[in-house]
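Mind having a look at this structure? Questions to follow.
Per-chain numbering from 1; labels A, B, C and D assigned in written order.
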Amino acid sequence: MIPRYSRPEMARIWEPENRFRIWFEIEAHACDAQAELGVIPHAAAKAVWERGQFEVARIEEIERETRHDVIAFLTNLAEHVGPEARFVHQGMTSSDVLDTCLAVQLVQTTDLLLAGLDRLLNALETRAKEHQATLCIGRSHGIHAEPTTFGLKLASHHAAFARARKRLVAAREEVGTCAISGAVGTFATIDPYVEEYVAKQMGLTPEPISTQIIPRDRHAAFFTTLGTIASSIENLATEIRHLQRTEVREAEEYFEEGQKGSSAMPHKRNPILSENLTGLARIVRSAVTPALENVTLWHERDISHSSVERVTAPDATIALDFALHRLAGTIEKLLVYPDTMKANLDRLGGLVYSQRVLLALTQAGVAREDAYRLVQRNAMKVWNEGADFLSLLQQDEEVTAALDPDALAACFDPSFHTQHVGTIFARVFKHERV
Amino acid sequence: MIPRYSRPEMARIWEPENRFRIWFEIEAHACDAQAELGVIPHAAAKAVWERGQFEVARIEEIERETRHDVIAFLTNLAEHVGPEARFVHQGMTSSDVLDTCLAVQLVQTTDLLLAGLDRLLNALETRAKEHQATLCIGRSHGIHAEPTTFGLKLASHHAAFARARKRLVAAREEVGTCAISGAVGTFATIDPYVEEYVAKQMGLTPEPISTQIIPRDRHAAFFTTLGTIASSIENLATEIRHLQRTEVREAEEYFEEGQKGSSAMPHKRNPILSENLTGLARIVRSAVTPALENVTLWHERDISHSSVERVTAPDATIALDFALHRLAGTIEKLLVYPDTMKANLDRLGGLVYSQRVLLALTQAGVAREDAYRLVQRNAMKVWNEGADFLSLLQQDEEVTAALDPDALAACFDPSFHTQHVGTIFARVFKHERV
Amino acid sequence: MIPRYSRPEMARIWEPENRFRIWFEIEAHACDAQAELGVIPHAAAKAVWERGQFEVARIEEIERETRHDVIAFLTNLAEHVGPEARFVHQGMTSSDVLDTCLAVQLVQTTDLLLAGLDRLLNALETRAKEHQATLCIGRSHGIHAEPTTFGLKLASHHAAFARARKRLVAAREEVGTCAISGAVGTFATIDPYVEEYVAKQMGLTPEPISTQIIPRDRHAAFFTTLGTIASSIENLATEIRHLQRTEVREAEEYFEEGQKGSSAMPHKRNPILSENLTGLARIVRSAVTPALENVTLWHERDISHSSVERVTAPDATIALDFALHRLAGTIEKLLVYPDTMKANLDRLGGLVYSQRVLLALTQAGVAREDAYRLVQRNAMKVWNEGADFLSLLQQDEEVTAALDPDALAACFDPSFHTQHVGTIFARVFKHERV
Amino acid sequence: MIPRYSRPEMARIWEPENRFRIWFEIEAHACDAQAELGVIPHAAAKAVWERGQFEVARIEEIERETRHDVIAFLTNLAEHVGPEARFVHQGMTSSDVLDTCLAVQLVQTTDLLLAGLDRLLNALETRAKEHQATLCIGRSHGIHAEPTTFGLKLASHHAAFARARKRLVAAREEVGTCAISGAVGTFATIDPYVEEYVAKQMGLTPEPISTQIIPRDRHAAFFTTLGTIASSIENLATEIRHLQRTEVREAEEYFEEGQKGSSAMPHKRNPILSENLTGLARIVRSAVTPALENVTLWHERDISHSSVERVTAPDATIALDFALHRLAGTIEKLLVYPDTMKANLDRLGGLVYSQRVLLALTQAGVAREDAYRLVQRNAMKVWNEGADFLSLLQQDEEVTAALDPDALAACFDPSFHTQHVGTIFARVFKHERV
């Protein structure tokens, strides 16, 4: 992933230093287990831990010759460990190291992603509670429908990201397995105990059955989960973009002092972070189809998945991590304009209370068809002539025959629409995080 | 989905009869709850249950006029229920009915998909155990690697579908929610109790927060799960296709008496079911990207997701259901040829034991570099001249200096490679299904 | 595709009647060519044309037995043709008929799609010219930028669909090939002349090299082209959805007399056609990935592509055809509100002319930095206090030192922004259709 | 794209140096046009060309402050050009520079991709002609069908890449447009002549109508074209993987002297390049869906496409370029084993000539049903007992009643199947490249 969309914490996971560090730990722990089993001398395992070192540059130098990264690593390791190095990697295949390492890396990325989600969840909860009672218009199809609150909007996104978090925890469990099973996964040359031991040390679970490699449906489940989270990001980013558009302007991305929306047009404040998030969501999702195609491998394994993962595993996790923090920051500092929300709510001259009037008339004994007709003929005047809906109703004798002016006015009370906000908030924010 | 790829049980879920049946139940249960709350008369709720009926043809007739399916249904219902019908649907929106119905349908499809998975899991377990000790060559990159057993192959796919099952159970939980929250989801016109009550009756959980609609990240999680399962199907189908190819022919799809592989070429037996499954997997996966794109809706809701779901929800679930049963049937009746497996295993003149010889030489004190050289020079002769690897080794004095002919012959014992098959089987088949 | 999103003209192409009709023509023309070559008697070819008939129900009946559609068809044909039927299909494989038939069907669908595009292009051209000078605000990032015209908006979409048309013509050429080359495509049993002859009769070009089947990169190119067109549809549909939202309301989908936006909220007019088009675009695009995956077939052919095409070929073409006509209808009847456009244009108190003032000040000799400062300090007042930008500028002595009030007022002339509309229209509408 | 899958020539196109070089040229040519129009002094345009320079590090330094890449570039440029720099970029927006630059870059990448395709086409043509008459078995469904030649296999892939080339030329035309049209694309502040002039100088065509940006359906067409080419790469790579598998081994990737297939298994030679190409194809295709999603932008423009393109434009073009050369190299050096091809061809004991026998019997007057029965009863013996098909037929009196032993033997002549190879080659290799 390009630096522009990378946070160093996440990028670091995919750098050679971290990869070789994990390789080292896998090999060293495997030596301990092999020593315990009596397969190799205890002194050898000890030597690996004590003298084991590596240098990225040296490994790369050796790899240019051998064209095999694991051999290059082992060679460099041996330069430090000395003769005992011959006991390292015994009975293992490169895949044992590579796939288990990828599992560790994916678990590490997931921990960062969960932290990003938590920051976002906190931001959404804080801002939702701040605006629990901030009235605004609810819109279906982009058209004013009925009142809601800005807090409810944010709470619905909180619920989406709480679900995302739960899925991500499950996805971490899916990919967090350790396979040390030798050629074609039969354990012919290495005891299953080694796998169990290394798994435990590396914070993974043993892969019940591997075919030299960890099965790729696990990774497909992981990357589709990232893709689904990306879509929830796009959903919230789209909401912000809508709220910021000139004609709506109920909220705005925070605008840094001195920031220029446009060199040519000094009045511009553009929701560029949210637009950027929309694009980042597409990038994260672009890992989904290749991950699904990677599941099908020939017989016990082929290597067609490898190039895909070298590219998409870092790209998707780094982009999603970056997006989560960008979105969290956007929500934390979002400028919210309750006055504009109120003004927009009233923009249709009270029409948004039409259902309420309809119900009141029905409850007052007017037949539903008649009530609909009465409401609609006044609503149409508002729509076409821009009049005030309440005043028109109060002047319509057929209407006032059923409901007196005060009763009519009571229908225009937005608090009717927010009576259950507390209940919904209690549902959404009772969550406990895993 | 076209009938060719549909099982009636699954297709039925998506037929109007079932949809309207679910609508009826949602409305009738909602009436019960409303009656309990005192919002509508108990007699009305009772009338709905007692006289409530519908006719698909009549509903479609009304819809052609009103262009609104829920109104058409309610109108037809009222024709049967009579005046009490005016209490039906009170305070609800169409989305309350539509989205909750979709949830019920998706749960119903999931139950069928789980049954399909169980059939497949049973088939794989039976055939795996049958062939637990059936030797065959393990292949990496399509090239012979080391021995394994045919049972292990099947067990690895069993493990994949056991994971698929677990994901599907989670996906069912994701989509099995009930939303009855009125316009823009505020419960302004309907008490949350109704939602809770209907949810319970319909076997769903209440949606903690809806915005008139159930949030679409739930559905994205569902369809990506189907896509991941489809990839596991393609993986197994590809294995069968490989095993059936003329040069390999270790297994074959069952060939019906009288079936013609080709009208022109009487010798043909083609793995057409597995090829078909490869295509069906693509069809199921084609629902993934649209589902991810459906998550982003404008403000409280728009209807862009609707046309997608009308097409892909039936198509993906029907195709996956069909594929699971086709695959299960293929496995159940798969013709397995252990003799050919054995012949293929020996095809490389014993080269597949080269690692074993290498290790034996090393353990006998030969330096690894020397051992590799000794093995390779004999291996190359086998490769180039088609000789027998063991005989060559037994004639190589440098080799026999370290290992006597019997010790060498012992390296060519395939049982070395199957020593842990029992352990792996114990891991794979200890599973309990949810 | 479900009837809801199907036009009969397009659906018909994919019905059995049409498919068998095409098969018949391929076989009959092939007989003519074979007779010409002296391979079969002229009388046989004549008999096929004269007595050749088929019945869909009868073919399906036979297929239930033989499980082979081409054989079923030939059997039914023979029932009508009599003994000469033994000369039909000589030296051909089923694929010769099936793939050439698919080519004919795809060409037929393309012709309908081109007609749909032409209707849409006409609608866009008509409405664009109608509103060539209708001023409205141009928006970048959803924020008011500078004036443009509604005609220009439509013209830009016209240009997109003109490109779509050109691509579709190329895609038709890609898929419009005829393959009659026998088993594994060697022409061993049929002379290449037959292919050439049938191609010409069916309006196709001969496939230069087939491997029993027509190569699937052709179909991938076709379906990705449909996907790209679908995206252009979504782009225009999104524009309409934006323009119709309550706060903007510069245009609206035509609202049928008596149509109800919402049973509960009488004031609602929702852009449901455009939202539906957004979803239909996703459906069409869902054919893209499977089509790309279908390209890879094993050796000379396998049948994994077949199930995919049975589903996606009808679905994608029918949905796109439906969408093109729905979009064309929407544009033809689109309600356009120039007054609201004008009102929205003025909503920012003239700020949208800020660049123009900036340039005028610079041209009047003010240093760019100073000019920017002068413009911005007045712009900020407008932004924060809602004042009138021109008045403020006319009262700013530093500004008037460089530009007198009239010169300032001249900057607020929207016609400055439309001076090149004619040039652009001339570029866009000079097109000639192929 | 990671260096592992990058060729320097292609990577260079996406490096800052090249981007800023193109920016400079666009700005400088625009100055020339503006000077010609009298909008800026000729001396200014001259100064830009003469003193115009930039330093990547300096631009990045300025960008860290201004957070705007185009402004940073212009500032750095001004440091070199001096006071005349104020005439640079006049009337233009950043998009004019950015989108036109992207167009130039995509054209540059396309030229490299075409060169890669040409290398591949040459390799395929050379090897196809070399093996025009090299007999091998044609396979449908992975099952032996009838004889073909290895040259025909390669020729069919040549035809696919010739189509790819044609599509790529069309895609270059699609994306090779220049837009210099100012804010929201109205040319209000810049004369269309500037666009025309710069387009010509940069080897582009003027964009007929832009809305500040070049419409993204052009880019969608471009990236879907890359995706389609990637699928053709996967198709050929899959063929090689199949041919190299142990049981088939008709061809092999060239194996470098000293290369190790496996450190543990000295006998392994894996088709790792072709497997890698399979993965690279998925990477290239992963740009398709985001490109289709990028088409929909809000009103005159938003910036959601930008992050996607920053990542996928380099990645997809670099990966495809790398893949084309890797595939070309693989074909150039592919080890082909005609003897194994011949042996495999005979593996079914002559069954692959069954259609030929069937036809010969029919032509000798045996009724088709009888002929089929005669052929099948002998074929089944071969299939089940491994006998020789020809001998069996020659011993079957019912068969020999119609065809004498010599006539039967003549059916087993593979040259029957290759009689039209020359015709097909003439069709495929008559192409002229654009």
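Observations on the model:
Going forward, a residue touches a chain if its C-beta (ideal position, glycine included) is under 8 Å from a C-beta of that chain, and two chains touch if they have at least 3 such contacts.
Note that the structure is a prediction, hence the values are computed from the model and not measured.
Note on connectivity: the fewest chain-to-chain touch steps from chain B to chain D number 1. The distance from the centre of chain A to the centre of chain B, with each centre set as the mean of the Cα atoms, comes to 25 Å.
Measuring from the averaged C-alpha position of chain A to that of chain C gives a distance of 33 Å. Looking at chain A, one finds that residues 139-142, 145-146, 183, 241-242, 264-265, 270, 272, 275, 285, 289, 293, 298, 302-303, 355 touch two or more other chains. Taken as a contact graph, with one node per protein chain and an edge wherever two chains touch, the assembly is complete, since every chain touches every other chain.
Within the complex formed with chain D, the chain B residues making contact are 137, 139-146, 241-242, 244-248, 261-262, 264-272, 275, 289, 293, 344, 347-348, 351-352, 354-355, 358, 372, 375-376, 379, 382-383. Residues 86, 91, 138-142, 145-148, 152-153, 155-156, 159-160, 163-164, 167, 170, 174, 183-189, 191-192, 206, 208-212, 215, 217-218, 220-221, 224-225, 227-228, 230-232, 234-235, 238-239, 242, 285, 288-289, 292-293, 295-303, 355-356, 359, 368, 416-421, 423-424, 427-428 of chain C touch chain D in their complex.
On the side of chain A, the complex with chain D involves touching residues 1-2, 4-5, 66-68, 71, 93-94, 183, 241, 259-260, 263-265, 270, 272, 275-276, 278-280, 282-283, 285-287, 289-290, 293-294, 298, 302-308, 310-312, 315, 319.
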